[in-house]
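Below: a set of structures, written as structure tokens.
In the two assemblies presented below, chain A is common to both, partnered first by chain B and then by chain C.
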Partner chain A sequence: MERARALLAKPWIWSFVGAFIVWAATVAFTGGHGGGGMITAALALAVFMVIVGIGQMFVITLGPGNIDLSLPANIGLASAVAMKVMDGSDSMLAIGLMAALASGFAVGTANYLLIRALRIPPIIATLSAAFIIQSIDISYGRGLQIKPPPGFADFANLRYFGIPVLAILGIVLAIAAAIALNRTVYGRSVLAIGQNMRAAKLAGVKVHRTSFITYALCGTLGGLDGALLAAYFRGANVDIGNEYLLASIAVVVIGGTSVAGGKANVPGVWGAALFLVLLLTMLNTFGFSVGVRLVLTGLIIVGVITAAGGPRTER
Partner chain B sequence: MPALPPANAANYSARETARRTRLLRVLLPALSLALVLLAIAWLNPRAISYFGFSLMLNLAIPIALATIAQMFVITGNELDLSIGTFVGFVGCVTATWLRDAPLLGIAVLLGSIAVYALLGALIYLRNLPSIVVTLGMSFVWQGLAILVLPKPGGKAPDWLMAITGFKPPFVPFPIIAALLIAAVVHFGLMRTSYGAVLRGSGGNPAAIGRAGWSLLRTKMVLFGMAGVFGVLSGMTLIGITTSADANIGNGYTLLAIAGVILGGGEFMGGRVSPVGAVIGALTLALAASPLLTFMRVPPDWQVAANGAILIIVLAARVLISRREA
Partner chain C sequence: MKKKILALSALAVLLASGTAFADTSDKKIAFSNNYAGNSWRQSMLKSYEKVANKAVADGIVAAADVFTTADKEVPTQAAQVQNLILQGYDAIVINAASPDALNGAIKQACDAGIVVVSFDGIVTEPCAYRVVVDYEKMGKEEVERMAKLLPEGGNLLEIRGLAGTSIDDAIHKGIEEGVKAHPQFKIVGSVTGDWDQTTAQKAVATILPSLPEIVGVVDQGGDGYGAAQAFAAAGKPRPTIIMGNRQDELQWWKEQKDKDGYVTWSASIAPGVSTLAFWVAQLALDGHDDIPHDLIVPYLSFDQDNFEAALPDIPKGGVASHEYTQEDALTAIKDNMK
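So, the complex of A and B:
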């Protein structure tokens, strides 16, 4: 009983409850058909949100104003880089993946340099970077029609007993992120900076190094996401990352991470990603038109955030 | 005649430098606009004409209005990620209902302004992060736009096209409109007492609250004004393009944020500048395509130019501020 109450007090539990309710409603609608397949598909699609969501979570946790708006452009560029380097052959798989990660890391580093060296607010820095990266991607990836190597594409779509391999990787990544956040000097530094940057600085936290690592990490995860998306959807494309700007912010906040910074929540990212993906599946299954689907998605996001309420204490 | 003591002289010159850097900072948005104009004049002198300006600044007015809308939200330390899709929604309503059933169209547009004000109330009362609420609303406006106008099309009301197609003597219409918008908003926000309260609600909400002003009301007014200017932006956009598309305004969200910051506004503390915001929007609109077409920059790289201009202007501002500090 005590344990149940402690579990209910966790903020992330509600996103899983929401995901379950949405799933149950859909299965009830279809009369019990396709419930398992729905979870398999949702797990695979949710991973792409989780990967960038974790990166965005670390950035947002750094405190007010910290956000990475360059993720969609970053994902698009990395997907093109990965496909071009791999050039459809399995032997280049590892090198292509490394290239995509390097592309993401470079984007994250550029973001940090703009923020630090030019003292541009992160929103504008990452936004300007996004414009430039998008141009690079358009120019670099023009007419790119290289399919992913068969081995990579099969891997992205591989599943054991209905559980996609990607989902397992996503869970491993989440566990690693949770350990990094709660058990390492780096993670505690991120939390400390988000709670009170001045105090963190006075306490000897290496503020600049921590935020560099954070933006670089977020960029690298964006690069990873780009490569995996290109494998999953069998091809790179400039717009492949477009929906992941809103999605990455939404999963972070619905998952119980504070927008004001200093309070992060890793399991919530998974719950919120499943919730969003299942929600879209449900609205699809109910046969709504695109317009109604978008309106309901928006209203549900606003509704969830209103019900969850803002931080009780002012910053 | 005794010379000034050295300490005093240093003090005096330091004050003088501080005054000059502050002035430089205020003038920076105007300077960047002038630079862009000079570049255009140098590359293609014929562009600096009545016809050239009418053409180049054609789409600047809706961008300027959307930027002003964003500026009101930023005044209250919030951010609106839905203004672009809202402009698109207004555009779809303008190209359909406002033409076919004007009363219904007007009611819907007024209703959408009320929704904006209510969002402000919701954000204040529940202490919600505006980024997330407006993120959700961006889906809602986009969905509504698709429901109103499933396929690109529709037609702007004739009276609206008459207004946006107006050709005054000597000075091109977009320039007059920009001056008018800047003057009206500058007066309202910077010169009236309630404007000062609105800015104060971003600068020091606790003080404004203790002075007896309702913070709920200031938030509702700021979001309501964002709605008003969003509606104006969508209507002028459709007046210019004559038909609508549900995605027509999507790029405006980020352009509007960039315009406010380019114009000297800041994300926190109610420090904004309506004149600067309009200048920032004009700079972005000018720099985005005409300049680059003249410079023979391939279309691939035109998006990058927006980013580069933002970075250059903000870097210049940091250099100036460093002298200030």
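So, the complex of A and C:
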């Protein structure tokens, strides 16, 4: 009982509860048909939100005003870079992946330089960076869809017992992020800066280095996501990351991370990503029109965030 | 008065020869575009630049500049149109971000004596011209083709386009009509694919597990390849998927055809319709005041016998296109006056 109550007090549990309820409602609607397939599809699609969600989580945890709005453009560029470098050949797979990571790292570094050297607020800096990156992407990729090498494409669809391999890697990444956040000097520094930047600075936390690492990490994860998306969706394109601006922020917030910074939650990112994909599954399955779908999505997200925030306000 | 005589004489020359003479040679035409990020739009811009630059070189018009906004937003494009008015362009060809939200800016342009021709993303302001593809017929023909390929019928999945656009409504209406005429088909699921391969694949992947067996997919173009991937990823049998003239869609069709004789049909609006809009603007400047404000032009389609011939000409990642000539524009105008 005590343990159950402790579990319910965790803000991230609500995103998993939400995901389960939505899944159960969908399965009830179809009369038990396709429940397993839905989970497989949800895991396969959620992992892309999780990868950028973790990056965004570190950035948001840095404290008020910190956010990375350049993720969609970053993902689009990295997807084009990866596919162009690989050029349909499996032997170039590792090099293409490295190139995508490097592209993402460069975007993250550029974001940090705009924020630090030019003292532009992150929301403006990353937004203007997004425009520049997108223009680079359009002239570099010419809006063309370049196909991934067959081995890479097959890997993106690989699954064992209905669990996509990418999802397993996403879980490993989440565990690594949780360890980095809670057990390393870097992670504790991010939390300290988010709680009170002045106090953290006076306590000897290396504020600038930590925020540089955070933006670069978020950028690199965006690059990784771009390459994987291009493999899963069989081709790079400028729009491939569009959905991941709002999604990356939504999974962070629904997952129980504080928007004000200083409080992060890794498992919640997974729960929230599954919740969002299953919500889409449910609304598609129920066959609502687009308008109803969007209204319900908004209402349900508000509901879950309120439920997650409820117990905390009582304290 | 002098202008009128000039216009009339130009018209006379035009009617006599079928081609325009230098009456518009001092006119400047601007192209206001709200998005350039996908293969269709890239192809649209390429076709436009090719035809418009040649028209400038030939002295048919003085300038034909292309302006693409940095984002897809209505206010940005409204501001852009206002700038174009101030810069003294004589005509604006526009692919609009919204059918009605830009009407204020369009009205200002018309009031300033500027010819406005919208296409693809059309505007509803009555003073502007609209070059539209007969989308409703396209949706209907999708089901008719499906009925020919699968006479016994079955369950269909519909993939819709960008919600709230006139194009999505028209194609959907056509598909509904088609299903009514062929009651052996039933639409058992509908998802939003935004004419985008990634979005379509994601949407189809989420709904597939809950659906009964699907025999066919009716869609709006740009979403066929994504749908095929989603069926493959879910391990479901491959249905008859209507294609939308994209290179990857036709390439996939060819691979399937070579493998086991897969049969389907493909249709979409040709991105080169931008060049038709250009010629309509030029002809309007040339003094043609009898051009109908709503011009319906045919869509571009391919069937089993001719798609492979078209495939090599489509750039990798691009979409099948067709560049229109001034004569094509005159023919289209004549067809619409009947």
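Here is the rule we use: the second predicted complex is superposed on the first by the 303 of 315 C-alpha atoms of A that agree within 3 Å, B and C clash if a C-alpha of one lies under 4 Å from a C-alpha of the other, contacts with A are read in each partner's own complex, and residues count from 1 in each chain.
Just so we're on the same page, a contact is a pair of C-beta atoms (placed from the backbone, for glycine too) under 8 Å apart; a residue touches a chain by one contact, two chains touch by 3 or more.
No experiment lies behind these values; they were computed from the predicted model shown.
Bringing the complexes onto one copy of chain A puts chain B in a clash with chain C. When the two structures are aligned on the shared chain, A:Phe131 is found in touch with chain B and with chain C.
Contact with neither chain B nor chain C is seen for A:Asn182 once the two complexes are overlaid on the shared chain.
In the superposition on chain A, A:Val253 makes contact with chain B only, not with chain C. Once the two complexes are overlaid on the shared chain, A:Leu114 sits against chain B while remaining clear of chain C.
Judged by the touch definition given at the top, the superposed model places A:Val290 against both chain B and chain C. Of the residues of chain A, those at positions 131, 134, 138, 142, 290-291 touch chain B in one of the two structures and chain C in the other.
Here chain A touches chain B in the complex through residues 64-65, 67, 69, 114, 118-121, 123-125, 127-132, 134-136, 138-139, 142, 246, 249-250, 253, 259-260, 289-302, 305-306, 309-312, 314, going by the rule given at the top.
Residues 26, 29-30, 33-38, 40-42, 44-45, 131, 134, 138, 142-147, 157, 229, 233-235, 237-240, 243, 277, 280-281, 284-285, 287, 290-291 of chain A are the ones touching chain C in the complex.
Of all residues in chain C, those touching chain A in their complex are 36-39, 41-42, 70-71, 160, 163-164, 189-192, 196-199, 201-203, 205-211, 225-226, 229, 232-234, 248, 315-318. Against chain A, in their complex, chain B makes its touches with residues 79, 81, 122, 126-129, 131-133, 135-147, 150, 254, 257-258, 261, 266-268, 298, 300-308, 310-311, 314-315, 318.
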